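Can you read through this structure? Questions will come right after.
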């Protein structure tokens, strides 16, 4: 049991790797529509970042036979926390060992979530140094605001699908120090959704039950605008450039976030995030529990206002499989 | 020296007490224009909260002969941290001792900043329980969104004036665990502004040099909207209802925040905050330093775009004194 | 045939009368949620206006056994145009004759649309004179911005259901001088939707085919915000105060408007309008035709982005009748 | 005297020609920052349009020795109105005669305002036909929303400086059929500002007294966003790309418009327009008069909220001359 005086081992979501069968179209989308900047290429991978991401990359896109999650990298709260966590994960039997690093960061410890998602922890990162023609006079902005698309500001969170939510949620809480901010219970009080964070955000990671029963799939990666008008702007661009919108703009009950869900050309679901939802500063936060056996919670948790959730929201993930009828909500 | 593995003793800004010579006008402003809800009265004090503030109150308004700061209350990250901090402040010779508590919270340890601002630390808080007619179906919202004015969502930060910035900044870092997020240097590298936080916000507290040389004054208290349009909305209301706007809407270079500064009828400066600026997740954040001997920093730090800062911004604080000519910027 | 040098006889939508079986709830909605101001009561009717409506009222709410449209009043472009139109409508056999006037306006000529909607034309209007405590210093604003709800700024347009769109559209063009801005064709090129205006707006009046085959029903009355954020704001209030949202926020393809559709407590559909869509200044405008036999037009005309249209959008109108299955879109 | 039944001869602002001593920088600004599309080049002139402008161009940029206005082109309400107006202007002694046309439009009748601004009237226009890769599925949008900068939607209005406001305003009313929507009176009831329109906008043309006493200068050309957030967005871009902001974002009292004033690299002042202000549908509109001898009007007319007007606003126009001290406001 971690002491209440200690920081959680994980400090932040550092980057996400997405797999895509259509590398060029996926890159076009992230660069021209979302305004990301390419920082490097290596083999079949391209490294990208949003203009307010401080490190070498927040997104790695790798060509593959199918869409899906490559890995999720977390930066620890200190180098000591990295060492300690590696030992602890090793002891827990889920560790895969150290890698030397990748473009943009140093040694990383790899491990799997109970559902099989590839995670890694790291400490050393390369900070992005903008070339002179891209430098901003705004000293807390690592790069000038791009002139392309509706530029998103930073990576926000990741949402994974889990065949069984509870063990994955416990793992994040116990091994990595996440706080359980919100929880959604289905029939028989089964956990069907969980939102966790180590920061003041309601979540850096969420997980939803995979209605298809598959393991280790990705629900979505979210990038942050912070301004709701930009959800309208990006939706307008998507409609005009043939990017499929799954749903939105609207507002979730859980997390209170303004959202827009779209599919990048490779097939991965991407969320654009119009605000920060509410922020949690309470050091003694009591998990908000939504119970879908309660009619109001059933109706308000997923959608506070805006479009109803389509079935795809429950059974489409990447890699994609044959959709299966969803019955919970 | 605090270990990097330990949480900072302070977790959040819990509430602020403002003094006003015009209690009824000040309350009208906070309730009808900013949409705060009154939760209790005691003697010459009225307790208020914004609709997404979770505790009994985030603002205490107390009638007094002049406008100004009553006190600033910080919630610690744990009960243990409260005990340890009290001992440490006692040892540092700045402690004033425990009070039993106040409406809405338990025992608090009082102390003074080097410049003489009244601070307190506390752990036990009463959570706001909305009466049934005010309850929201949104389970992470402690109260329905009010129908009055342009309702602000929560207390965000406080900005204090200091006769000398550096000792106050050091005190916040060393005694309370704040991180120095941004710093502004004037002539001769003197510190003239500092932004500090224990959260992912750029600041829960900022301090600016008091150009008048006075001690212990308040620059402003900030409430959060999160949506820039609401700055236009509240500015429109202020113009229509005779609330003086000092400057805005605009965007600061430091903190990147969308701001509007107004004076509540009692004379205290209030900031309305249209977004969250940028958020800091980097556990190894390097302080952003703006040096006003650099022309670009001089021009861009205070104002990235929007109205120039009027002289009042440098010399008006509460309690107000005769303004003195400001020379730095 | 009207000369191209002549103004259209109708200049603007002056006011709309809504019927409601729940007068007090309907008034609570318009006053506390939409921020309308009551100007007068007479018998079972209450007169209201938005804060940027210049006349005595833009909405008359009348208690009745069922929800629905009372009448739609148009102001002519001149007193001469009123006289000429009355004669012309009389000759066309659709005139019902003059009434002396009502609260807020002088003599009006009444007539029916081909589908049986009650219309009237008028010239003399009473301008709203705000009492001193409501006066704005903004000389082009007839009243201070109210402190209640998310106040809407003005009446925008009306949308009527028609058993057969074409004759109603022809009537508006030929008798009242409306321009056909956009048109939607269904199977066999039947007209299923028409948007008409005499101003630079895309429509002051629209009509959609009533999938139930009923005559003379109301689809919705629209009030204008002009700022898309206010659609999010009002949707948030509706969710928190139990006002049913039918769909939105989203953006129509036709008219390009940001919309939100809700039901006022009496059962009438109300649209809140977040911008002005696009404006038409071209004096030689060619009607934009959407043909739902074209897949792209079918998908993009009603919804450019945002929630799909629910079935209710095609068959719910007031007075409400048993919904009938809709087959066109 | 024109009959009240007749349309005004002018229907809309068709395009504006700007002169610039820095053609390439000016084009970079309009294309990369404001997202305009180049449609054609001829000699030293480049033709551009915003993505919701329906004609061949709304802006002609011509290289010249100095910044300034080339000409302002108005489209008439009919071909007959063009013929009649040409005769009438000829008779009034201000006509300069017909030109055969220019790229994008047919024969035009040229004439001078009393202050010497070059005007022209035209009827025949070429509609923009987007190449297939730029076509939108939104049938009322002549081109897909560009991916460059913060793309503005259309030309909105022009503001000219006049050595003497009254004769110019009378000319627009009497010869071209404009309505006087708002008026600003200075000392001795002299007219110092006038806002005129033939549409529902408060102005397609405004004029302000030139404090330097010069004749025929340009104050600014305005492009329309319609969404206030875009003023923040474009201000952010301007700050990041070295485009000088004169003032804003803020809200005028006259016209109620959200504004941002910047200088394009060639030196012409450009306004970006965040909303449509209020719209005028009243066919019997009484001019709103602001009298700066009244303290409230003095303070509220130019700025309802936001940054104070800098002196440059009164004495900088293009071509630029030595600024002269301004004394009225």
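As written, the chains take the letters A, B, C and D, and residue 1 is the first residue of each chain.
Operating definition for what follows: contacts are C-beta pairs under 8 Å (C-beta built on N, C-alpha and C of every residue); 3 or more make two chains touch, one makes a residue touch a chain.
Here the structure is a predicted model, which is why all the values come from computation and not from measurement.
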_Given chain B and chain D, the chains that contact each of them_ = A, C
*Looking at the contacts, which chains touch chain A and chain B alike?*
C, D
*Between chain B and chain C, tell me the centre distance in angstrom, where each centre is the average of that chain's C-alpha atoms.*
46
*asked:* Taking the mean of the CA coordinates per chain, how far is chain C from chain D in Å?
replied: 31
*In chain B, what residues contact two or more other chains?*
137-138, 141, 227-229, 232, 236, 239, 300, 304
_Partner chain A, residues of chain D touching it in the complex_ = 32-33, 136-138, 141, 144-145, 147-149, 227, 229-230, 232, 236-237, 239-241
*Any idea which chain D residues touch chain B in the complex?*
228-229, 232, 235-236, 238-239, 245, 247-251, 258, 300, 304-308
_List of chain C residues in touch with chain D within their complex_ = 4-7, 11-13, 52, 54, 75-78, 80-81, 137-141, 153-154, 182, 199-202, 226-229, 253-256, 275-276, 278-279, 281-283, 288-290, 296-297, 300-301, 304
